[in-house]
Structures are given as C-alpha cells and as structure tokens.
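Okay, got some structures for you below.
One chain, chain A, appears in both complexes that follow, with chain B as partner in the first and chain C in the second.
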Partner chain A sequence: MNLKAFGFQALVLGLLLTVWQLLPMEGIVSPQILSPLYTTLINFPKIFARNGLIPGGLIPQLLTTLEELGVAFVMSIAVSIVLGFLFGYFKVLGRSYEPLIYLVYAVPGSIYYPVLFLTLGLGVQSKIAMGFLFGVFPPLINILSGFRKINGIYISMARSMGSSNVQLFTKVVVPSLAPYIMAGIRLALIFTYIGVILGEVIASKGGLGWAISIANYNFDAPLMYDYIIVVVLLAVAFLVAITAVERRVFSYA
Partner chain B sequence: MGSNSTAVIVVRGVSKFFEYKGKRLEVLRDINLEVERGNFVIIVGPSGTGKSTFLSIVAGLLRPSSGKVFVDGVPVEGPRPDRIAMVFQDHALLPWRTVIKNVEFGLEVRGVPKEERRSRAQKYIDLVGLSGFEDYYPSQISGGMKHRVAIARALVLEPEVLLMDEPFVSLDEQTRYLLGSDLVKIWRRTGKTILFVTHSIMEACTLATHVVIFTKRPASVKEVVKVDADYPRDPEDTLMASMRRYVWNKLKEEIAQQEIGGGPE
Partner chain C sequence: MPEGRKELAYVSLIQAASVIAFLVIWQEIVNRGIVPSLFVASPTQVAPPFGPTLLEPFVFERVLYTLSVFAAAFAFTVFAGTVIGLLLGTFIYLRSALEPYMIVLYSIPKAIFIPVFWTFFGLGFSYQFWFASFAGVIPMTLNVMYAVKDIDPELITLSRSLGASPLQVYYKVIIPSIIPAMLTGARISIRAVFADVIAAQEFVGTTGIGYLAQYYATNFEPVPLYVVVVLTALLGIVVYEAIIQAEKRLTRWNVQLS
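Then we have the complex of A and B:
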C-alpha cells in the first residue's frame, strides 16, 4: 500500500480512537453508554470468562456466528450463481423473473424478522435465513448486470472460430463473468454478515450479536464494546481474505 | 474480377435488411463480388454503409436476407473456421488469456492436443514478430502488438481466407502504417486471400491488389479498381497519389448524396 494513504488512514483511525477516549472521559457522553477506549480494552480479557454474563464466554458465541454465517454465505453464493446463470443465459427466464427479483430486493429487510422468528424459532435457522435473505440479492443482481456487459465481439470471435455453445459458455461467458462473480462473493459475505448479526441482536439464543444485546440489557458497556470490537475485527479479517483471493484470481487485470 | 474458376470468394446477389423499431432498414442491396485466390481486396465506402455487416455475412456470422456467399464453391451457412478466419475491429483479445493462449484459442476449440497447439501458436507468434511476449497479458502490451496477436490468432487456423474488419482503426497513424506494411509481408509469405474493410483510402491504395468501392446505403458495389503496383509501395509516388485521387472522387459522389439525402438513422 501507498505510504501516504496509509498515513492518512492511521490519522483518521487515531482521531476516532482519541474521540472514543475523550467523549466519555470528559463527561460529554455517559461512560454507561460509551465506555472509554482504555476501560474497554482493559476489560477485554473478561470476554473469555465462562461464568460471566455470557455463559461459555466468547468462543461458543464466535462459533455460533461463524456457523450461521458460513451456511448463509454458501447458500447465498450457490443460489445467486445458479439463478444468475439461469436468468442471464436463458433470456426468457430472465425477462420473466428479473423484475420479481428487483421487487423482492426492494422490500425492506426488517419485514422478514417477525415471520422468520415465528416460523424458524430463535435458534440458528432463523439467523441463517436472515443472512441468506440479506446476502442472496446483491450478488445475483451483480451477476445479471455482468451478463449484460459481456462483450459481444468476444462472442462473435469465438463463434467465428467454431466454438460450440458449451465452449462459448466455458471459454467466454464464465471468464467474462468472473469479476462480477468475485464482486458478488464479496457482497454476499458483507450482506450475510449484516443479516446474521442483525438477527442475533434482535432475537436469539447465542452468537456475537446476542452477546452484544445481553451486555447492553445488563448495562455492561465495556463488555458490549468488547464484543463489538470482535465483530469489527472479524469483518476486517473477511475483507482482507477476500481481497487476497481476488488478487490471485485476477492477476491479468 | 476475372473468371469463376480461380475465385475463392463468390458473392451472389446478397441483400440485407434489419428490422428496427418496426422500421425496415435496407443495408445491403444486391452485392455481387468475386475475390480470386491470393488477392488482397479492400472494401472502402462511406461511413455506416454496412461494410462490417457485409464482412459478417461472408464470415457466416450473419445471414443475408437474400443471395448467397460461396467460399471454395461451398455456400456459407455458418462459421467455417477451417476456411475463413476473421480479425475483428479492436482486436477482440480475451483479456484473461496470455498472448499465446489467445493465439491457441481456435486450436483449443478444435480439440488440438496441447503440445501441437503450443508449437503451432509459437510459429505464428514468431511470424507476426512477437517472440518473447508469449506469456504477457493483453493489458501489458501495446495496441499495435495486440493487433499482431489478433492476426496470429486468425492465421494459426491456416485458413484460405482472412477477413479483416477495420482491424487497425484504433491505432495511431505511424503504428497503422507499420502494421499495414507488415501485413503485406505476411500476406505475401503465406499467400492467403484477404478481404479487408477500411475507411482509409490511403490504407486501401497502399495495401490492396484490388479496391472495392461501396455505394452509400443501401450498399452495393460501385466499382472495383485494380491497383497495378509492385510491393513494397511508396505512398508518395505519383501512381499512388493518382490512385487515391481516383478512389476519393468516386467516394465523394456517394458521400455527397448521403449528406443531402440523409440516412434513416
């Protein structure tokens, strides 16, 4: 990374952390609402305590969230790729169902909560469903727009060389779509994560989001922010991993 | 252009209509043309007159509304990669493939084994002067080099006929001139029949054995001009200059009419 850009990023991060420390310390915001940075960090080891507010501590919550996220993510990717290719490749299907996809996508996600919690309960299933509903549309829409942007001259070139439909698909269509699929995978990860954590915060029996809301209801601000830090670090780890994969796959660009 | 016996491309009464928003647009009207084996034929015509459409029909990528195209006496009813290869406008290299993998594309489609693919592709990469760039991606080489790759990709199929749709249109004048004279060398070495479309009268007169002048839309063949000059040609000599003046005057009649008449754009 560019050193200058890194400097600016460090500057903003430093400022934010300073504000985090100063606001509660100076009494501008109650420490019960925003626990100061230092207090929060000092409290961090308590996150592992097995018999505190959160039974079992961090590890079971982390595993629950990862399980929900993993299943929701794989489902989102699989369904969006299958539907994306069906609708993109078979124009009749696309014309019939694409408007429906945009319609469902436009529905605010919050109206799913009551239905999902009532039908699937408070366990992992309803979180997986939330993650899936949040995660499936962005990559699907991305893949469909990728289909519209396939360079027609590549198709003509391949046909003039005698490509069969299967060869056209594997040698031109799929590689043309690869950047859109990769961007879709990134979006799916981001949005399933949002859906899963949101579901846990609202109503659940475990997971990082659940721990945040338990800490919140018990007025344990440092513990709540410790869990929020975990959620943020996990997001950063996902993005770093995905960027690394993208760099490997698209070395030609 | 001579008798039927040596003609490798024969175009008989080809017309093409497009339906657009309920309107019928006539692009080609009754085109007749014969291209003899080993000739380098360049089509010039007013902009938007359907030269590329015509080339796509010869390539078998587009069906004519009426009429027929024969290559080696066989009617063209779809792509014929064994006989006809096309070089597209703006090179159409696949960005995710290296130079050599791009050149191998047609062989891969045909199921040629990997070893043979490599050696055949290498031969044509050498021919177009790109030895050493085999493993570069298109984004890493210059515009002129990309066009050389596109030419190698077409030649590797060892077709009889090379169709070129304004292949050098996006290049600067110097690169264009250099690539043109290299194309002449490649053409003379391989003995291919080339059918080439361009806007550039200069390019047409300097490269072609025959210049075909298209009329304004709906296009038909206005005139076929034989260019009787040896290669390499000097664009500055008097024959070339008078040739250009002649073609330009013919073309001007068409352009003037098109300007006044206006196209159904």
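Then we have the complex of A and C:
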C-alpha cells in the first residue's frame, strides 16, 4: 500500500508539472501570468544574480526571512509556553484570560500589518511582530487545552504517594503536556512563517516575500515563480525537520 | 459567599482590570510621545471620530464590499471543501495520492499566491474571491476528509446489511457523522477567508478594508487607520462568535462518550 500510495503521489506531481508546462505553452494561459515550467526552471540560476531585479540575489533575502522567522518563532514559543503554564497552573488567571485570548485570536491577522509597519517601519521589526502575532496564539491555545486534558487520577495518585509540588510538576504535568507543547512548536513554526511572508509580500524592504512582490510588479513571471518555489521548498524543509524532531522526542511512544 | 461565585467575581475583576490597563497603557504610550503621534492614535483620539469616519461613503462602501466578498468566499469554501473532503475521504486512492500535497498546502504561506491570483483574475471581485476561497478551502477539506476517514466502518456495514442503498448510506450515515467536523472546519476557514480577503486587498487595488488600512497607513493618518482596524477586529470577533454559537447549537446532540 505504501509503495502504491507513493506511486499515486508521484503521478499527481507529474500531472501537475505537465499541466504547468502545457497551459502556457498552448496559450490557454498567458506566459506572462504563468511562466511555463521549463522557462521557470531555466531561469533558476538568475535568482542568484547580484545585480538583477532583486539587489543581492537570493542569499540576502533568504537570510532576512530566516532572521525574522527565527526571532518571531523563538518569541512565540517562549511567550506561549510561559503564559500557557501560568494560565494552566493558576486556574483563576486561566479562566480570566482564556476568553480574552479567543477574542484576540478571532481578529483577522492581516489587518495588523498596516498598523505594524506604520509604527515599526518596513524593516525586519514589523515582520517579526507580524510573525509573533500569528505564531503565539495557536501553541498557547494548544497548551491550555493540554492542561484541561491532564488525567486527574494521575495527579491524585502522585499526591497520595507523597509527591512534592515540584515532583508533581516534573513527573506528571510536564510529561502529560509534552505532546501538546511539541504540536505547539509545530504550529508556531508554520504560523510565524505565514505571518512573516505575508508581511513581506504586502510591504517591506527585503526577504523572500518582498522578492515575489518585486518580480510581480516588474512582470518578471519566471523570477516570481522561482521565488515561490523557494518559499514552498523552505516550508517543506521545515515540515520534514519538525517531523524528524517529533519522531526523536517521542521515540518512547 | 459560595466558592464558585467568589471565583466568578475574581475572574470578572481580572478581565475588567486587564482591559482597562490595556487602554490606559495604549493612551499613555501616545500621550508621553513614546511613539510619535504621527504613527499611533490613542483611544481618546479614536473613539470620537469612530461613527463619522464609518459613515463616510469612502469608508462605508469599502467595508460593505469586503463583507460581500467575505460572505461569498466563505459560502463557496464551505460547499467546495465539503465536496472535495467527501471525495477524498470516500476514495482511498484519491486520498493517499493527494494527502501530502494538502498538508504542504496547509503549511505554506498562502500570501505568495496573491500575485499569481491577481495577475490571473485581474483587479476586482474575482481575484479576492478566488484567493480567499483557495486559502479557506484547505482546512475545510482536511477536516471533512479526516471525518469521513474516521467513520466507524461497522455503521456502514450494518446499514448496508440492513439493505440501505449507497445513496441512503451517504444521507443517513456519512453526512450526519461529518457535520461536527464540517463545523470545526468552517470555524478554522472563516478566519482564513476573512484575513485573506483583507490581505488580497492590502496587496493591490483600491477596494475594501484592506485598501483603506493600507491607504491610511501610507498617508500617515493614524486616527482613521485605527478606526478601521478596531472595526475590523470587532467584525472578526462577531463573525467568529457567530460560528462558535452555531457549532454549539448544531452539535448539542453529539455527546462525547469516553
């Protein structure tokens, strides 16, 4: 079955790539809008050109995006874990802030960006703030739901066997929450990346998303698709990396 | 005082204090000039012109426009996501072929496709509609797909052996069992659709809330900008609350036995 599924997946990919080549080649879609696969791939070396449309080429844009993503990701994880434990442990705080968290979470994220770039400028700061606002809520909500699902029997049992508060925390609470924290890390990575790229695409001075916008404004379709491929491959790399980490961490399960 | 009442009092107190503290800090940041007033508007500056700004046709029409694109795209998302999810859930080969691509699509920043959509559909209603639907349909589809996958096969075998036709199995077993997942999917999609309609409008064009926010931000007019942002936040909250209430009502019968 696994091999069969792999075959089907390869078939779908092949079909997609064929359609990508054929639609513009046969003139069904203008090559200005969808540059044919072959043209896009041939154009790939140009992505590194230092004095082309994108000053400095791919490497500085990649580093800018990774910098923004890294800072926003670490901030989201740190804040969501600290707040998650605080709200989970002090029940009154949790009951007070959980409804407020959901209210803020319901705000459509893209409306934050004009406010952020007006206050923080078009540099990396506004993208970091955007990534943080996108990335902090999903893991926080996840950790809070994890707290609600801790088995009460484990806690009473540990208590009746004479565990101290610290032991209860390290031996029961943290291990029960581990899957939720890990899933939270995955969500934080995905959503900070979404926020950072969204900010870059809409208005910025650098980064992969900015390169896509610039290529689009200048009607350089092949270059735009090259950068889109880079963004997608980076997302796939993140997914693969985080899945590998999850396997390692939960190898006991 | 009983324990529950006492806690409720604390909770309301903390909530009220936090909201007030938030507004006071925001006000103080502007008053003390920590951020120049060219870039930020304080609550006392935003509250009075809130009504008049919204009644300007320039603003009013764009808000209605965004809401209409959002409503159309969300309705389409729910419909298309359910249909695709049912197909992928029913046909195992289709699912195994497409599942990894759906997961990748779920995880990539959809914003990179805004330029593709607007060059393809041109400016106006349709690129916003298709982009928002594209972004929203993925979580919807995934939810419905996994719900179909998780239906207890014994239910299907049982109804088959009692002589149900394939169509009856669909209407009596499959559709009722996916409704909770449909609502969960709709709850995730509704945020994506609203946010992505606005993102598409921020990127290009002169329509909708997204353009308004972009326009006021680039012209250094923080007061109307904050009016628009506060309004959008309120709209987002109302829409999200509405779907949560719908979810609670429609899945009241679905008691978890565990």
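Basically, the second predicted complex is superposed on the first by the 252 of 253 C-alpha atoms of A that agree within 3 Å, B and C clash if a C-alpha of one lies under 4 Å from a C-alpha of the other, contacts with A are read in each partner's own complex, and residues count from 1 in each chain.
Basically, a residue touches a chain if its C-beta (ideal position, glycine included) is under 8 Å from a C-beta of that chain, and two chains touch if they have at least 3 such contacts.
Here the structure is a predicted model, which means the values were calculated and not measured.
J.: Between chain B (first) and chain C (second), which does A:M25 come into contact with in this model arrangement: first, second, both, or neither?
T.: Touch status of A:M25: no partner.
J.: A:L66 in the overlay: touching chain B, chain C, both, or neither? Say first, second, both or neither.
T.: A:L66: touches no partner chain.
J.: Just to be sure I read the superposition right, which of the two partners does A:K171 touch: chain B = first, chain C = second, or both, or neither?
T.: After superposing on A, A:K171 lies in contact with chain B but is clear of chain C.
J.: For chain A, which side has the bigger count of touched residues, chain B or chain C?
T.: When the residues of chain A touched by each partner are counted, C comes out ahead.
J.: Looking at A:M182, would you say it contacts chain B, chain C, both, or neither? Reply first, second, both or neither.
T.: Neither partner.
J.: Once the shared chain is lined up, is A:S156 touching chain B (first), chain C (second), both, or neither of them?
T.: In the superposition, A:S156 contacts chain B only.
J.: Quick check on my understanding: which residues of chain A belong to both its chain B contact set and its chain C contact set?
T.: Of chain A, no residue contacts chain B in one complex and chain C in the other.
J.: Any idea which chain B residues touch chain A in the complex?
T.: Answer in residue numbers: 56, 59-61, 79-82, 84-86, 88-90, 92, 94-98, 105-106, 108-110, 137, 139, 157.
J.: For chain A, which residues count as touching chain C in their complex?
T.: 1, 4-5, 8-9, 11-13, 29, 32-34, 92-93, 95-97, 99-100, 102-103, 105-115, 117-119, 190, 193-194, 196-198, 201-203, 209, 212-213, 215-216, 221, 224, 227-228, 231-232, 235-236, 238-239
J.: Within their complex, state which residues of chain C touch chain A.
T.: Its residues touching chain A are 7, 10-11, 14-15, 18-19, 35, 39-40, 93, 96-98, 100-101, 103-104, 106-116, 119-120, 191, 194-196, 198-199, 202-203, 209-210, 213-214, 216-217, 220, 222, 225-226, 228-229, 232-233, 236-237, 239-241.
J.: In the complex formed with chain B, which residues of chain A make contact?
T.: It comes out as residues 151, 153-154, 156-164, 167, 171-172, 175, 178, 252-253.
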